[in-house]
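Contents: one structure, followed by commentary.
Order as written gives the chain letters A, B, C, D, E and F; numbering starts at 1 within each chain.
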């Protein structure tokens, strides 16, 4: 069973709206190697797990639960990148009151403006919808772990590439956090294979980049977040039987399971009348926005 | 942020293996109106929510969080329905040691045996993969609520139809629980629309069935679970500003937000050598199954 | 059985070519909530209709038949928006005889130039092909009507958004007509649910916009076309048993079934040699374009 | 613009329910070479037509309009094949009141019972949804005509194969009618290419079968329906400039344009309580089934 | 550039027709981890290869070229499994001349009889078409090699599972050959990663099975085919810089590059009149089957 | 069985990088009528061939084998068009070291930079993945040949259209070669149908263009490559029983089977650090790039 608290796993840093960056970041949400895939793949693998070697199940499940928060973070980042596009002076469209969504025809992903109200979607950067055939859950534990390693490696590779596409701070901060966490998750599955006898030498993590060259990454590395697994379990877990000891990483270091971050507030998303969003009658809207006792 | 405790939201009742029932139940997992869709649709809508009418966001988010546990329940039920197929005397295959997976050619969904190791998959009952284009998140709140009502109604309709397809107890117990909960969720979105001025008369819930005619449903109705919203929030929520008062349902009754069930243990899934699952070397397997201190 | 007369249901207003607008309008043709979907969904529902409450079948079928003409109108509008692109001075490409289709690399939807000869396609604005899984025909009449309401509402919402994207007159005139008709069709399904006991209050139509703020809409409203159902039946129909009385709409008004518009001529589409379209040998072409007695 | 009269283009002959035949016939409805494809392909080609050689446009459009009625015929035939399955003594399930939809697990296409209420769907015989990428509308007239010939030929080939799969009379009568009409349509596109200079020799129609060996075909051949084009136009058409003279067919004969059949009544589809279809409250149902004046 | 000689890479062993086995084997042809995927993935990776470490490119390309012959072998095996179904006494259908394709409704994959003429298709065992999104070609060599390892491992796992589904000799012989070759290819990519510093311990090959327990595999193991790479290059290749030395396999052994097998004749496929295949007029057929000098 | 020599079937002519041209050329690789389709369609048809008229099988197979080299040529051309984009002065991005992949957000196909490392992909120009449902292999020889003719005609039509989109020399040279070869292949299938009795008159090849107006085509025409079939068979073939005599082409000429071109070197693809491609550690890279004896 799953529980929720209204916090983001990392903060959203403000910058100019950037529909092109939002389009690119869709790969990280709904792409073949995006966070929806990691979330669902580890969900299926942990639910379908066979046999008694529970620490492996706990490892996969532990990563899965964190991934739900990653999906939420990427959704929110995309929304932030879209918000204000079409109206800010920065895009040269200011004052074009007669065609407020004209931005949608001039770049980015048109569905962000047409199917959603400048909101995230379950599609990749080229607009293809997320596809269930991508989920790998073979039931063979070694094969599952290897595929998970490829998945986390490719996710990290793609995030580094998107980082190289834009200097937008909202985009880069979220990517930097996720690159650090993908590092830890990549190492997690590599470590699980190490317990089965594999010695990874120096090939990990993939890609071969010193992520401290990305300034936004440094603070997360300083906190050790490339070597820890956040524990979102409310009961006990045997994950530490695997996720401990030396990291199978070029950078070395010791693995440990820690409590997750405190969390950051979800930003409010402004109404967009041109999108008819949320489109509530004024009297209703105000009825629900009076201060009132919460449940 | 999301947290987890290793409990199922409802119990798995044992019965004979039934690959055909497992195939049918895939619709409830990975179909156009299955639990993966409800989970992802409400995830997107709550993350993409615009404006200040937060109780609506809390309502959608509250249903979303429960849906994750529904997905887990359906995955586990499918696995249970598959387990033991191919080897039990019941299917006439006992002793056919030379072709242990012959069952896969004689009914059910062949991918259950071939792509997974008798495990659930993100596909529908006809084998089509889950598709991101199904998710509805228009950003217009009224449209979103109406589509959610259709989604919950169709989910309930399809579950009733699957119930009529088989007398397998494992299948029917999970369906009965979900039919009752779909009733509550259908009412939740109807109630949200009622706060905007709609009077539903007697058309809900869809379909028009007295679910107490399904014996397994009765105990859940007795507990009032067709009229409550389980609260999986660890912080406060304004859901009760909407989910309260008379239910817009033929059966009447009063809505209330309650603490969720205690939860039920996840069943252990046996190894299946013919599937090479989990396929760990014996010495590794035993190393991880000794009693040892948990994290 | 179906019959045809070579007339468009509304007129095509001339303006500059606009490939970006053509791309956007593909959503209205081949998108998840486009006219192909409405046409096919109501076709399936009316053919699959069960039971004796025929006026509902007649209502769904009546809207279906009109939708075929909508599809034709949108196809023709897209073609008009594409025609002349790549050669007109307006797009800065004049005289670039060496690369006449260069326009295709500079915006719009490349398939319009590559797969078709500047012609409409069964895809959405992001280039995804139309998908049969989108059609909803559950056989439960109440669920079908609710989904139809969502479909018409979302179609109207998306058309309003496209209207806000461009000031092109060809685009806006077709959208304006369709927004008015979607209003009537949304009301039609809402009315059918009203006969089953639902009171819609003030939530309809979706989205909450005074469409008279779109100048092109006004003349259609003046004709009452947001409150009528065109009758394309050559035999009798019981649609007026449902489609009559007060409209369940914020704007009120009385519903009535009327004869359809006279229709407008289909524009001629010019040859495009760079597209090899139609690509007939000259002598053949001329043989078929002499004045000759029609059948 | 399109008009409708509630008649089927051919009659539905009664026989036992046959879910396996219904599954096979889905190919003819929603398959790559089914009637939905022919309908939509000729719709796009005629709307996207370029140049002045109008008789070709009229030919393509003429076939298109008839295809809408073919789609309706196949939908209705599938429904008839499904109706009564699950309850008739013939399938050994009589009296199994506790699991009335058990049939759905024992053959056929499970979605017929689960997604629809024993109704037709826009999918092929293997359950894959209809896909817009199949539509061919290149804008080059010769290429379009050749592809249309392949489409009609393949449709005829597949219908002959389905005919060889089952002796069900409901199935075979509809197939026989469509095989005869596919013959005429195949010849129509071949004739159009003949006017451009192709001499087909003896290769048509495809496949090389004497369809009078199918007893149901004989009466249609006797009426000359393998050599005529039904004219569903309410205005004039130049189709007869092409569709006239000797048929480019092994069987020879003269082509002519004729008035369409009178049409046959659409069969009533019974309610199916186990499918919750239509699922109307009794009082509503009866209100709409009293004799009352039609519009 | 590619060259061809009309030989199969392994022999087709005769047995009874078995449409269910043919359906299962489609996974090995057109599935997510089938031979079409391996062929195309290694084709893209070798063509897209960056940098100067050519022996890696030669290795990937070498496996690619062999995979084309694997695709041909699986196509032919499926055809053989289908041939004679529907008419042989074994399936109880003998003499049912009136419905010669009735077999298609009673099991297997209906498209084998309806879309093809009892021939192989680019689809998986559940009927889903092959999908380009499955191809992995990231441009990062380490990631590509790891994914290739997962691909070959999963292919081997699925083939072992299909082997356990049926005792049909035609099926099992082809599977046995491919399991042995997948072993060698899995080892090839593992070895490439070993040159980059990975020590695989005892986890390979996946799955952990002593394939000599499959009697058909033994002869191929005796020939050493689980440790060799066939060289289909007509020019030089640097593959042996990687594919040499000890195999990173539980079974040990030394790797070597060898000349490919001599090849086996492609079986003739009989005409099937009920499928209208090939459907040539008799006089043409005979014209082309006289003995005549070859080119 | 298939053999390979590391040569391209035609040369790659250098020009500026052009991501938009690369995007367009994806249609020729992974589109509905691209080279992957021709390759796989003729592969399936030749492997599934029924009956004794072997020269037809040899013809289809002969074209198939050449198509593999076409796929390789298009892959390489796309790579060349992408190489250097993002860094050359020509695109105004020089010196923008901080965001080296910024190009990806400013045009072209973003997946070229994000999913691949500026490498080709199995998708079309609109980003849709290649789809197995496009392959036509009906088993009826006449239908197969007709569809092949449509396929080759449409491929030629689309290549001519892409040629009209850009003056890039790298792009146009590859297109010119393929247009000439598509001409020959179109004629090949037309000739096969001619042997069955069809007289094509003057309708072929499609489209009706004098390709000598494309300067790059002239040299290939001078070599006669629009009238020959390259023979990549290492054994005998009966293709010349069909591919001989007068071409069924507007331009006339005599058909002949010839030895293939000598081939051209595959260009080296430079490393791209910003893409982490190939991303090998320096010491490994150098180890494999020393001069060493080849196998």
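Following the convention adopted for this analysis, a residue touches a chain if its C-beta (ideal position, glycine included) is under 8 Å from a C-beta of that chain, and two chains touch if they have at least 3 such contacts.
Each chain and its UniProt protein: A, B, C, D, E, F = Mn-containing catalase.
Since this is a predicted model, take the numbers as computed values, not measurements.
**Q** Would you kindly count the fewest steps from chain B (Mn-containing catalase) to chain F (Mn-containing catalase), each step being a jump to a chain that touches the current one?
**A** 2
**Q** Any chains in contact with both chain D (Mn-containing catalase) and chain F (Mn-containing catalase)?
**A** Neighbours common to chain D (Mn-containing catalase) and chain F (Mn-containing catalase) are C, E.
**Q** Could you work out how far chain C (Mn-containing catalase) has to rotate to sit on chain F (Mn-containing catalase), using CA atoms and steps of 5 degrees?
**A** Rotating chain C (Mn-containing catalase) by 120 degrees superposes it on chain F (Mn-containing catalase).
**Q** Which chain maximises the distance between its CA centroid and that of chain E (Mn-containing catalase)?
**A** Using the mean of the C-alpha atoms as each chain's centre, the farthest one from chain E (Mn-containing catalase) is C.
**Q** Give the pair among D-F, E-F or C-F whose set of contact pairs overlaps with that of A-B by over half, matching residues by number.
**A** Going through D-F, E-F or C-F one by one, only E-F repeats the A-B interface.
**Q** Mind checking the centre-to-centre distance between chain C (Mn-containing catalase) and chain D (Mn-containing catalase)? Centres are C-alpha means, answer in whole Å.
**A** 24
**Q** Starting from the mean Cα coordinates of chain A (Mn-containing catalase) and chain E (Mn-containing catalase), work out the distance between those two points in Å.
**A** About 38 Å separates the centre of chain A (Mn-containing catalase) from that of chain E (Mn-containing catalase).
**Q** Any idea how many Å lie between the Cα centroids of chain B (Mn-containing catalase) and chain E (Mn-containing catalase)?
**A** Roughly 38 Å separates the two chain centres.
**Q** Of all residues in chain A (Mn-containing catalase), which are in touch with two or more distinct other chains?
**A** 32, 115, 123, 127-129, 131, 133, 138, 140, 142-143, 157, 196-197, 202, 206-208, 275-276, 279-281
**Q** Provide the full list of chain pairs in touch.
**A** A-B, A-C, A-E, A-F, B-C, B-D, B-E, C-D, C-F, D-E, D-F, E-F
**Q** In the complex, go through chain E (Mn-containing catalase) and note every residue touching chain D (Mn-containing catalase).
**A** 98-102, 104-106, 109-111, 113-115, 123, 127-129, 274-276, 279-281
**Q** Contact residues on chain B (Mn-containing catalase) for chain D (Mn-containing catalase) in the complex?
**A** 20-21, 23-24, 27, 31-32, 124-128, 157-158, 160-162, 164-167, 202, 206-209
**Q** Note which residues of chain B (Mn-containing catalase) are touching chain A (Mn-containing catalase) in the complex, please.
**A** Chain B (Mn-containing catalase) residues touching chain A (Mn-containing catalase): 1-9, 30, 36, 40, 43-44, 47-56, 61, 65, 68-69, 71-72, 75-76, 79, 115-123, 129-133, 135, 137-143, 195-197, 231-241, 257, 260, 263, 268-272, 275-281, 284-285, 288-289, 292, 294-295.
**Q** What part of chain F (Mn-containing catalase) is in contact with chain D (Mn-containing catalase) in the complex they form?
**A** Touch list, chain F (Mn-containing catalase) to chain D (Mn-containing catalase): 32, 128, 131, 133-134, 136, 138, 140, 142-143, 146-147, 149-150, 153-154, 157, 193, 196-203, 206-208.
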